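Given below, in the form of structure tokens, are the structures.
In the two assemblies presented below, subunit A is common to both, partnered first by subunit B and then by subunit C.
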Partner chain A sequence: MSVETEQSIATKRMPAGLGGLLPALTLIGLFFVVPVLALLLRSVTDPAPGLQNYTALLGDGTYMRVFFNTFLVAAVVTIVTVLVAFPVAWMLAIMPPALASVMFGIIILSMWTNLLTRTYAWMVLLQRTGVINRALMATGIIDQPLPLINNLTGVTIGMVYIMLPFMILPLVGTLRAIDPMTLRAAALCGASPFQAFRRILLPLSLPGVAAGGLMVFVMSLGYFVTPALLGGTSNMMLAEMIAQLIQSLLNWGLGSAAAFILLIVTMALYALQLRLVGARRATGGI
Partner chain B sequence: MKLIFAGILAGLLATTAAKAEDMVFTSWGGTTQEAQTKSWAEPFSAASGIKVLQDGPTDYGKLKAMVDAGSVNWDVVDVEMDFAIKAAKDGLLEPIDFKTVPKADLDPRFTTDHAVGSFYYSFVLAWNKGAVSSEPAGWADMFDLKKYPGKRTFYKWSAPGVIEIALLADGVPADKLYPLDLDRAFKKLDTIKSDIVWWGGGAESQQLIASGEAAFGQLWNGRVFALEKDGADVGVSWNQNLTAADVLVVPKGAKNKDAAMKFLAAASSPAGQAKFAEASGYAPINTKAKAEMPADAVKSLPDAHVDGQINLDMNYWAANRDAIAERWYAWQAK
Partner chain C sequence: MTQPFLSIRKLRKAFGAFTAVHDVTLDIPKGEFLTFLGPSGSGKSTTLYAIVGFQDPSSGDVLLQGKSLLAVPSHKRNIGMVFQRYTLFPHLSVAENVAFPLRVRRRPDAEVKKKVADMLGLVRLESFAERLPGALSGGQQQRVALARALAYDPPILLMDEPLSALDKKLREEIQAEIRRIHRETGVTILYVTHDQEEALHLSDRIALFKDGRIEQTGTGEDLYLRPATDFVAGFIGNSNFLAAEHLETVGGAATIRLADGSLVSGISANGSFERGQKTRLMIRPEAFRLERNPASAELTVDVVDVAFYGERRRIVARTTTGQEIDIRPTSAAMASQDATPSRRQVFFDPGAAFLFPA
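Let's look at the complex of A and B:
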């Protein structure tokens, strides 16, 4: 009986709710759905109807290498970001609130600085004649400059730096929600700090790691500025290739197809994450 | 569907709406566009009363999008000449009205039915004097890793220049460059590939050379000129300097076509060309311009180095642009 009433309330509410959503839906429809459909359409009609753009992309060694590079860079960046962000997030979570908010301010402040400026700053630091190499050579630690730029190392350093806040913020939220008593209980039961970390803290923080990790991974997939400036031509990522196809080669069909593939992959990953996190929530009892 | 797409694009691109009597000039930004504003736009506005709004940087994708969408907000655009030839063929450009733009004194090398020259420049070999063991003499030295170890810098994009340099360094005579032997060029470039740092824009090329990040490289002569003016310790070799040009075009369907043609007339006039050349170190495309320039300014122009100068073949590039680009980027990504 009660189920029925709930349902009827729900169905009654639906149209009203939809009405309120109408402006938002129109906005999304007009500025997101329609352009994406136009993109899809162009990818199968330009220069001629058919799937030739997709077969060209998937059958060509160069394009496949760029796809592979894109995923490689995104994966490396995500892993390094998680490793760096976790201790920082944990520290923020257990810090006295006043100090933590100062630290938060510092982290968020870095996000406000222009992306291009930050990337150029890394160029100055990382290049052969840059601050890091000069300091290392002056102290005699190395006698040849380290190749820190125009390669995967440069891209990883630059992108991890930019991605860190996106990992730290969700992770702090998750870590703060963990009841500290669980760790105390583990210690009382004789768990070593490492055991407590591995069997209590890590599993409980996984939803935050997954959420942040996926956000970082997806953002990395479409990144343009940092790889273009800190990477070499052999680390070209998809976004740079698309820009090249659109801007300089004027091959919009192929560019659209590449962009659409990127979109599909991103959506698939998002769906996967929803399922994984949802499942873990259900079984983990969070 | 195409209409909807076009409409959306038009909406997105309508960032620089000009009033009826105004016009929009688009170029590459930086010192070049500043010089164009001072030498062309300001005197033109003063004389004609037509306000010239500046936009940029030039973006071929955007230009095509505007023309496709039928909402063209750029009236005069500074583009590379090989692009202009290709774009004219693709129907993206208005023909030049040579009744308004006097053609007689324009350098025929850089004038077409759909474009008048903006300026022309040379790729030259430049180096940081503090970073090289000895002064390189020509393009072949850029491929000599024994004598000149370390990083060298080349233009990143698929464009006239690097392929030709590789072939010249490999011993191809200047008059036998075209049609380009791409296999041979890439084989030559392979020998130094891991020592190449690519520059994507003029400022980057200056920074690489001035800091010694790359000891030497292929630069636009105007950028070397600017480095020298700033007192950087750079050397330059004009040996086999390679000329290419920027041209001014009017996108198809430009809203202020008449104003645009008048602007072209002013920009390509002897006075406009002389002023710009003096400010930028790039060469004028009007044959009468040099007479209006101070003698010492003429000395630093590519015109002063016609001995052994090679004209990059813009028509060849326009015809083969896409095919070369495909191989170029595939090779780079390897």
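Let's look at the complex of A and C:
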């Protein structure tokens, strides 16, 4: 919701004082546009002018696997996040406001906690000899430690945990806007709880799911810390590959090209999200 | 009728220490239009919610054709309901809203289509089938809600102040529609309102609620002409209450002394009173006449103001002890009078006046 208000304020002020925006525009130009242009330039000039970096990336099976893996992880994380966030958001939406604000406080507090700390905490929990495996083995549910870390499972768990607030917050807004009487009306019409969910609640909350899901997906595409620490070498993600290309291999051209591709994909998805949000506003929040 | 169609037995609902509904008992025959009337917070909605299963009663029972509904979940009770606020599904067209109860019952497409057309015809919205609810006026939305509630032929239709958000003209239009639908479908209707005119105009019977209890159940005429309590008398129609001292009651006819010292006998007494007990005498403004007749009692008043209201006039007058009263004789009766003197006698039939405890 805050995105919307910021946008409307911006569009209102724009015609009045373009001159007043100059410092901001300069700042964005200096710290965003110039580096991106430098990146683009580097990707087509290093080590020699031409598109060979892009053809190398898109033509090579290893690199393509990283691209594929990146999208796979982002998609899995998004789906799992939506599945976990929906019931949580629903509970937050219907619980008494006082209790809900305490819950929001806890969620936001977790967002403020250092990312690295939280990821290390998961390492401790998920290891072969970690708390989870030991607890499961002690209760006799399993007799071999589960492989929870250095694979897709570990990355998914760690990233879903980090992404949850970004999904829950917009979803609570959407769910709160749904009149609970609508659901009672559905029940009286003869809809079972599942039918009421599928035919009424889900369609009405779809804009929130789409907005939050796209945000999570976009953020996941460029994620570095969590996949690097909890993922395995066989499922490396793009951000990690870029870091390796530049830091270890000093291949600035290839690294820049990969970064540029990631940027384009991200921006395209962001544009899609803006259109979704815009469409929602056009239909009056439905 | 041996077994009532819908039966509410000693229904009680408490929220923590607060009891919203106390021991409400009602029997509703099939096809009746029964209205819950009462001030805000008197427990009307809470009673309806217990019938549809949105709220579990603290005690008591709700029976449909002799079978308890309490263990049946809301979506299986097969009761139609129209709410005060519009509760249409905003993402579904008018036709799909009406079709919804049939779709969740997995009725065949052809049947759904036919029923939707019938229902939209019933509420006269055929040409709006493809619109979204957001593109309808409030009155149209409530008509769609009505069509949706009737689409699956529920034996009972509940309406919780369905017209209170509408302006007067729309309200009257939909009231007429509801009466027509009741006539045509024969559905049993439980209707909630706090508008007495609406209640009198629509219903076969009225249950008047006060503080979670039913004060009186009866036809509009019963409540108006034979109010069981002073609350009923005050809530339905207009009424004057005069302080009076009870002297004696013989065979249901009481004799009292008014504050100005005059004696009146032949009053209908509600309940029994002690000698000398402080009471209140209720007289409808319309019950006053300007001419004496053999059985009438009289009251001396000073006329303060006379206003013309079409078929009736309204006289504001003061008793000799200073209490203001409202008198509404027919205009024809007034016209036959000469100039209205400022102090005069007005007359009433003691049988149309009611005595209540003070």
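To be clear about the criterion, the second predicted complex is superposed on the first by the 258 of 286 C-alpha atoms of A that agree within 3 Å, B and C clash if a C-alpha of one lies under 4 Å from a C-alpha of the other, contacts with A are read in each partner's own complex, and residues count from 1 in each chain.
Note that contacts are C-beta pairs under 8 Å (C-beta built on N, C-alpha and C of every residue); 3 or more make two chains touch, one makes a residue touch a chain.
As the structure is a computational prediction, the values presented were derived from the model and not from experiment.
K.L.:
With the two structures overlaid on subunit A, would subunit B and subunit C clash, or do they fit side by side?
P.N.:
fit
K.L.:
Contacts for A:Gln127 in the overlay, against subunit B (first) and subunit C (second): which applies, first, second, both or neither?
P.N.:
Touch status of A:Gln127: first partner only.
K.L.:
If you stack the two complexes on chain A, which partner ends up touching A:Thr182: first (subunit B), second (subunit C), both, or neither?
P.N.:
Second partner only.
K.L.:
A:Pro35 in the overlay: touching subunit B, subunit C, both, or neither? Say first, second, both or neither.
P.N.:
first
K.L.:
Which one hits more subunit A residues, subunit B or subunit C?
P.N.:
B
K.L.:
Give one of first, second, both or neither to describe whether A:Ile246 is in contact with subunit B, with subunit C, with both, or with none.
P.N.:
A:Ile246: touches subunit B, not subunit C.
K.L.:
Answer with first, second, both or neither: which of subunit B and subunit C does A:Asn150 touch in the superposed model?
P.N.:
Only subunit B; A:Asn150 stays clear of subunit C.
K.L.:
Which angle, in steps of 10°, is spanned at subunit A by subunit B and subunit C when each chain is reduced to its C-alpha centre?
P.N.:
Taking the centre of subunit A as apex, the angle works out to 150 degrees.
K.L.:
Is A:Arg118 contacted by the first partner subunit B, the second partner subunit C, both or neither?
P.N.:
Once the two structures are laid over each other on A, A:Arg118 reaches no partner at all.
K.L.:
Given the touch rule stated above, what does A:Leu204 touch, subunit B (first), subunit C (second), both, or neither?
P.N.:
In the superposed model, A:Leu204 contacts subunit C only, not subunit B.
K.L.:
With the two complexes superposed on chain A, say which partner A:Arg65 touches: subunit B (first), subunit C (second), both, or neither.
P.N.:
After superposition on chain A, A:Arg65 lies in contact with subunit B alone.
K.L.:
Compute the least Cα distance separating subunit B from subunit C in the superposition and give it as a whole number of Å.
P.N.:
47
K.L.:
Kindly list the residues of subunit A that each of subunit B and subunit C touches, one partner per complex.
P.N.:
Touching subunit B in the first complex and subunit C in the second, no residue of subunit A appears in both lists.
K.L.:
Considering the complex alone, what residue numbers of subunit B touch subunit A?
P.N.:
It is residues 1-2, 4-5, 8, 59-62, 64, 90, 151, 156-158, 197-198, 200, 211-213, 322, 325-326, 329-330, 332-334 of subunit B that touch subunit A.
K.L.:
Where on subunit A does subunit C make contact in their complex?
P.N.:
Touch list, subunit A to subunit C: 179, 181-182, 184-193, 195-196, 199-200, 203-204, 284, 286.
K.L.:
Under the stated contact criterion, what part of subunit C meets subunit A in this complex?
P.N.:
52, 54, 73-81, 83, 85, 87-91, 100-101, 103-105, 132, 134, 145, 148-149, 152
K.L.:
Using the touch definition up top, name the residues of subunit A that touch subunit B in the complex.
P.N.:
Those residues of subunit A that touch subunit B are 34-35, 37-38, 41-42, 61-62, 65-66, 69, 127-129, 150, 228, 232-234, 236, 241, 244, 246-252.
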